[in-house]
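Each structure below is given as structure tokens.
The two complexes that follow have chain A in common; it is paired with chain B in the first and with chain C in the second.
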Partner chain A sequence: MFQTLISSVTVGAGGSTSMTFTSIPQTYTDLTLAVCARSLGGGANATLYLEFNADVSVFYNGRSFFGTGASVFSGTDTSLVQINLGRHSGSSSTANTFGSTNVLIPNYTGSANKTMSFDSVSENNASDAFQWFGAGRFPKTTAVTSLRLFDNGGGFAQHSTAYLYGTLKGSGGATVS
Partner chain B sequence: MALTKIIVNCETGVTEEVELTAEEIAQFEADAAQAAIDEAARQAEADRIEALKVSARAKLVAGETLTADEAALIIG
Partner chain C sequence: MPSSITALANVTLGSAVNSVTFSSISSAYRDLILVVTGGSNSYSNFEYRFNGSSSGYTWVGMEANGSTTAAASNTSTALDGNYNYWVEDIGTSDTVYEMQLLDYSATDKHKMAIYKVRAAATGVAYYTGRWANTAAVTQVVVSRAGGSTWRTGSTFALYGVSA
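This part shows the complex of A and B:
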């Protein structure tokens, strides 16, 4: 599998409420998002969300299982207008720790509903740290042209980063039919 | 400090940091308030399940009768 970096973003001083990739090229087979982020608030952990095409007109579907450091749970999201990707480190997490999240969005230019899988971990040198794994669906047939990341903890802290990669089907990135 | 959002145009490579509009700030604050409520509910549910586990474990060891909730936690 061959991945090409499409774009990346790093949050500057003062933080930011969201990170958005727009005008995503329609020339790849799959997209991968790699996020390394910390929240400005949210206690020990803040929830990270992903929104497709700035579309909040539909309910996204999500199914996850996760560990909290003390217990394990599973959950279903059917009434969110974005996908819940799990938790990343919040303001009361150990200083200078950042959560890690990966999202795979296959066939993002296709005409079917858009699916995704994701995994995330928050980082905190204490028992209250989350490990998350899930899958989701953006129930629209339109191609994915933009992706917005945001959290519920008051925004991303300085040095948070997001990388967007494109993957071509075929060996070494060669396009195959 | 002004609330901002970062937008990366993948076609041009241009990155902008834009201040939120009043409407976006209101939505941002509403989302944060709802998140606090959701997190409190999640924590309460986690605490309830943990308490059930402790209780069920103690009852099993002592040979006592489990409640329906405790039994459901063990066998689903």
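This part shows the complex of A and C:
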């Protein structure tokens, strides 16, 4: 198995303002983050953010392609101090629904700027729901040692979860040249 | 039995090259996943080819450059992209390329691939492509058009997905 669960977070009663992974081991090549979350506020949808290494000293970059259930758009983020991961379900979305987000952070220990890709959907049994497909960049050459998820709806509702996996590249099933 | 993913091969480029070839790919899996990070320093299209073939490729996709979106389709000598917008980041930051090749070892169907290209400073794109050939895929070549090169430090990793 090439993916190993590093750690997980499950939000308890009363909710939480963030979900955070710290002291991320530097022994893998890539990180994958799977998030299933609902906001305490935000209306039908709340914006989900990802911050690297608690670093708010730089502007992160983002490009996205997203749909609303009625139209499609493309967006650019150049003045945020975190990555905009799209939307997840808000407090007025259908009861018991949670948004889903998947993030890939390749080469997180490398010395280049950290790039990433992500897919996310909010869940709502109504027309007001979002699908997000995007790219992000943390413009620092330092290794990623912590990740913090938060939103603009006041935090995560109970039963929200986040799972962080480490990926190891390998060999033996093909030759490469 | 749950599916599992196995790392098959990987390389990090120590110098710029035109192409990276995965060959003698085990047929023991259902799907292949290829993840590439890096890119090129010149405006040359990325290309996926199977078994050394340069014919029978068609694809459809959707592309976005940060302000507008567009649909695209093409018949080509490879599975490529950058049709309406230049999605890849040239020479500054890494682009992330992800490709999943479905039922790659089957001999009773044409081969279907889903591939995504994403760069935070330039654009994102999502494609699905067909190689009109029933042969089992034993080789995947990732190249740059026009003899251009993948830059030093680009990484290529191939995985097999079990049913």
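Criterion: the second predicted complex is superposed on the first by the 169 of 177 C-alpha atoms of A that agree within 3 Å, B and C clash if a C-alpha of one lies under 4 Å from a C-alpha of the other, contacts with A are read in each partner's own complex, and residues count from 1 in each chain.
Simple rule for what comes next: a residue touches a chain if its C-beta (ideal position, glycine included) is under 8 Å from a C-beta of that chain, and two chains touch if they have at least 3 such contacts.
Just so we're clear, the structure is a prediction, and the values are computed from it rather than from any experiment.
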| field | Three-chain arrangement built on chain A, chain B and chain C clash or fit | value | fit
| task | Would you mind checking which one, chain B or chain C, touches more residues on chain A? | result | C
| task | Using the superposition on chain A described above, determine whether A:142 touches chain B (first), chain C (second), both, or neither. | result | neither
| request: State whether A:6 touches chain B only (first), chain C only (second), both chains, or neither. | output: first
| query | What is the contact status of A:14 with respect to chain B (first) and chain C (second): first, second, both, or neither? | reply | first
| request: Kindly classify A:107 by the partners it touches after superposition: chain B alone (first), chain C alone (second), both, or neither? | output: second
| said: Looking at A:25 after the superposition, I want to know if it touches chain B, chain C, both of them or none. Which is it: first, second, both, neither? | reply: first
| said: Is A:47 touching anything from chain B or chain C once the two structures are fitted on A? First, second, both or neither. | reply: first
| message | For A:61, using the defined touch cut-off, is the partner it touches chain B, chain C, both, or neither? Pick first, second, both or neither. | response | second
| chain B versus chain C as contact partner of A:168, first or second or both or neither | second
| task | Scan A:73 for contacts with chain B and chain C and give back first, second, both or neither. | result | both
| remark: Overlay on A puts the nearest Cα atoms of chain B and chain C apart, in Å, by 7
| request: Could you list which residues of chain A make contact with chain B in one structure and with chain C in the other? | output: 73
| Residues of chain A that touch chain B when the two form their complex | 6-9, 11-12, 14, 16-25, 41-43, 47, 68, 70-71, 73, 152-155, 164
| chain A-facing residues of chain C, complex | 4-11, 20-26, 28-29, 35, 37, 62-69, 93-96, 98, 116, 118-126, 153, 155-160
| note | Counting only contacts in the complex, chain A reaches chain C at residues 1-3, 29-30, 60-65, 72-76, 104, 106-107, 112-113, 115-117, 133-137, 139, 168-177
| request: Would you mind writing out the residues of chain B in touch with chain A in their complex? | output: 1, 3-13, 15, 17, 20, 24, 28, 31-32, 34-35, 38-39, 46, 49-50, 53
